[in-house]
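After this come two complexes, each holding chain A, first together with chain B and then together with chain C.
Let's look at the complex of A and B:
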């Protein structure tokens, strides 16, 4: 490291929630770690540094390191964010990291979003309900208008990181709330011409206070989505459509 | 016949259909909220007419009592409106309670969440809960008062209520609660249904601007009533009677109430 870099380097403190629910002796506590920030360092890199050089027992998840897998979501200073998309330069000198609320805790910053997402998917039947029970794999697929395909793709960008659910005030009070991720899925299948379900069918899935009518429009899901999905518009659209069913 | 077979054959089990009521209740909550918020703004303009003078406020009060239409003042008409608003208010409160934290544990979770998130719209929601809770009592008391004693509305009667009856702190708290609650509510309504289709940024700025405007108007109005009440305390109970009215209003007033209604014809030159 040359002298210039040394002068601009910055020491940061990360207060990390440590707790292992598998260990009966473990008590939740905040543990402080100090490390030197490097240029372009993300929170994900910082956590790896800590695990490699300071504390090999630190638990957190990652796979892609590029904001695609959604594994490294955590609460950074009280707000849900992806560690791999969070620059240390944007954080204050001292930050607190906690696991995403709402999801089953595996340990430290690692949570089991997959279990919840699977439950949500089964509950909302977030798969294509095609016309034929047995698709003919030999047949050429029906054409789809490019704008429809684009609209589906836009909603399919969801990485199921859980940030929207962790940010949701309604979900804090109602554990059975579908959450923005679920609404996004329904909105995605609703515009898919290959799906045979109509609004009456979707009403059965989200037409109650655990569904779209429970949403209090706090819009933290929209504001905290790391993929900038148009959740506000989609939820309002579904609310209007489901209200028309009634 | 075994019970299980009977249940399977029943239509309810074979075709369980989700109740449509959550949708209807949501629409009703939005509709009552919209109606109350718009009423509240209109009401504020009428009340603020005191800023244009006692006679203007008196004329508007009398208009709502049917004075210019039915040959006399009928304060019970105001009672009718107050009863309608009270019904709307109770219905809205009942529907909105579905969204309130159900117990202290839920409240604490939500409070901690809002504090940690530092997210404006989530914070606004908790303020909507606080102000809504306050309005359960404040608006009910105010509406009951208007329902029971509608004749006590007027430049002096209202001012005496503020000052001599010592109700100005009540109205001050209610003003803050209702303007904050209504402003946030209308903004949230627009977010909820994505209508009108202006940008969120614009709607939020509009919300703050309108809340600021109505708070300022409300505070000025409250100040005006307090000032009149202070000056009128020695003659507490006396009702305002305008010495004069614009000619077009005199035309509408009941026969004989304003002797100057028919100005003497000018002498021919």
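Let's look at the complex of A and C:
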């Protein structure tokens, strides 16, 4: 029983894109690192081992390392993934890691998703627009159907990791495209009975080519979402609703 | 020198910091938040279980009140908590949940009618009231008498953090992402803000503020194995400690959780054992019945964690490249049960271990989980030692949790503390007594000092490696200052840590860039982490009793007679560069002011040594209870007689909480 829980030792190679945009002498290049894979080793563990033992300059981002916070999205062999929950055991003997495209590069595998997400939130006003400015905190809360709360949570599970935007064909061509993450937010507030906005308001936010009419329906966003959000249906639904307003 | 001036500077962009920021901004103040990461990536997001608040909507929570939440919290703390703070907290928690509901958090809701639940390993049908349909639901949690934990499916912290973060964006609050505070700017009496470093560019800047709030979360990364995120390195604690003026409270109070998956430390739920999962050792032997014949795997968290570590110490753990561990075996529960009732566990096992828990055992080891200690503050959140410095949430010790935190009280505390400290920080700014000219020269001096430290690190030819020192520290903390503590082990730990701190003065960094430089960050942080580690280890060494999560094998009883007091740790200022130990002071808790005098917790050992005032206070409490009852007073009147607290809350939070069975 115990022996089955161990793998035989295996050496792997990680080709990592190195580039420091702050350093004028730096040029983008792939650098190869070899390391010994261990049982249960994730890219989180592997990259930290590399930084601690081989190359202290290596830049990457991890926070929760449990697939919850969305910090560590990167391209693993050409596909956007959360590095923290990518097992070395599932990778080939040689793999290539590059930063997410589209977002501003900080260095190596680290990109500035935070700045872009805040800009998107401001632009799409991704907060609840409530009826009353100040809720009465002493009274029993407003009721909500349990199914409605669940439906909102299903769309609220987005972790803003950026995988959907990195995978998006439209975003490659339109830097102002709000991406599936933006549509997901609008869809979430749209079904929230506490929000006072209607489709006319949402049309102002996403009723153009930078919004829902820019989507070419390639839908890699849907395939790449680490949280398996129903992006495909939400985008199609929003497009139909926005077309009705137009 | 770049200088930013604001009214309220908040260090930390998690739930506590953001909620405090929103409160101060709504009062008309300029607020700036410094955050190591984009705020929505904060560790608050990892809280899955829920948030305690006595709404009493579900049938199993019927009859719940602030009073019962208060008693659960104080018992959980092993009487280490400040009872006035606990009262302020339980009174505000329902308001916090309702505010979040109004801001958009999709709390799970009550569905009226019959439903099947598992209680005590048996299927039971319970019937929710029609009147509760659509109100916020509560679930069961450890250490509570009622079902009190409000939740959003399995992602409570995430949903709360996104709600609060989006509200902060709506308020237009400035968040400086990927910026780290390196030092507080102060003159020994008053705090004026902080020196910050942009982690992307390496640039230093001064943030001058009238009020400064530390809300940086816990310090789990002082330990080798922790459920905490990698950013939980206690840097806010260190900011306060390094002033030499502000104190840290109860740093030796550290909570461990039995089943972190190994080696990552990611939590797997207690439900595994609740449903019949077993713990096994290297030989596949089920060892818990040897230690705890009655409760076996289902003894309390601290007890199970202690037994697991004891077993590993005996050499019976499973060896691996990352150290020893034990097995959690849930294979006997069957695939159907695991895929339906333990879906999360199945996913964690698949993603992080690449195993199917229906067929293979899960490697586990107890993991550091929560930092009860923090920046010592008054009930207002303000440091009694440094004017203008506030703290909120896990980074603070105001002191809600004492020596053990209850599940569900952590995210609840973040929002409640944010609601209160946002107001008290705003009050502080509004008071003309506190007006001072912005001390530019002082700021310049502090920036220069930090600049010089960084430069010295970059130019050093020292042979010490920051990553290695950090790993050594984490190993010492886990080995000597973990679940089981003894005088010998702690002494050994303290002297090891002292040597590490001395060695850390000779760190060399290989990468010499002043811009984004992860090795440089590790270098300056490990020095601070070592100081914190020493406050924990030394405090634990001095505390010759067992209380809550602090367990001394050589002093297994809680000793109220000698130790009903809070540890205060100061870092010696004059000799900062030479010092290797904090200065400890103690602050007695006053039994005669307690609403709930010390007693047995209702679980765990029944062996405490009484405080001399306890019997008298107990008698006084009983007498008051009888008086109030005879006079026809209600629970509010009784509480007011025993320990008044309402006037300590901001006026807008003082009102009563409506419930189905308790109309206003």
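As a working rule, the second predicted complex is superposed on the first by the 239 of 246 C-alpha atoms of A that agree within 3 Å, B and C clash if a C-alpha of one lies under 4 Å from a C-alpha of the other, contacts with A are read in each partner's own complex, and residues count from 1 in each chain.
To be clear about the criterion, contacts are C-beta pairs under 8 Å (C-beta built on N, C-alpha and C of every residue); 3 or more make two chains touch, one makes a residue touch a chain.
Everything quoted here is computed from the prediction, not taken from an experiment.
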Combined model on chain A where chain B meets chain C, clash or fit: fit
Touched partner set for A:192, first chain B, second chain C, both or neither: second
Greater residue coverage of chain A in the superposed arrangement, chain B or chain C: C
Touched partner set for A:135, first chain B, second chain C, both or neither: second
Which superposed partner A:213 touches (first chain B, second chain C, both, neither): first
Which of chain B and chain C A:246 touches, first, second, both or neither: first
Which superposed partner A:38 touches (first chain B, second chain C, both, neither): second
Partner chain in contact with A:144 - chain B first, chain C second, else both or neither: second
Partner chain in contact with A:176 - chain B first, chain C second, else both or neither: neither
Which superposed partner A:23 touches (first chain B, second chain C, both, neither): second
Partner chain(s) touched by A:94 [first = chain B, second = chain C, both, neither]: neither
For chain A as apex, the angle formed with chain B and chain C - C-alpha centres, to the nearest 10 degrees: 160
Three-chain overlay, closest Cα atoms of chain B and chain C, distance in Å: 21
Those residues of chain A which chain B touches in one complex and chain C touches in the other: none
Interfacial residue positions of chain A with respect to chain C in the complex: 1-2, 4-5, 20, 22-23, 38-40, 42, 44-45, 51-53, 56-59, 61-71, 85, 87, 89-90, 106-107, 110, 112-115, 117-118, 121-122, 125-128, 130, 132, 135, 137-146, 148-150, 152-153, 156-157, 159-160, 189, 192, 194-195
Parts of chain A lying in touch with chain B, wherever the complex brings them together: 75, 78-79, 101, 167, 169, 172-173, 203-204, 207-209, 211, 213, 215-220, 223-224, 232-233, 236-237, 239-240, 242-243, 245-246
Complex contact set, residues of chain C against chain A: 37-38, 40-43, 45-46, 95, 97-99, 101-104, 106-111, 133-137, 152-153, 155, 158-159, 162-163, 166-167, 169-170, 175, 177-178, 200-201, 229-231, 262-264, 266, 282, 284, 318, 320-322, 348, 351-355, 360-361, 363, 467-468, 471, 509-511, 513, 515-519, 652-653, 655-660, 664
List of chain B residues in touch with chain A within their complex: 17-27, 98-99, 101-102, 106, 109-110, 113-119, 121-122, 125, 188, 191-195, 200
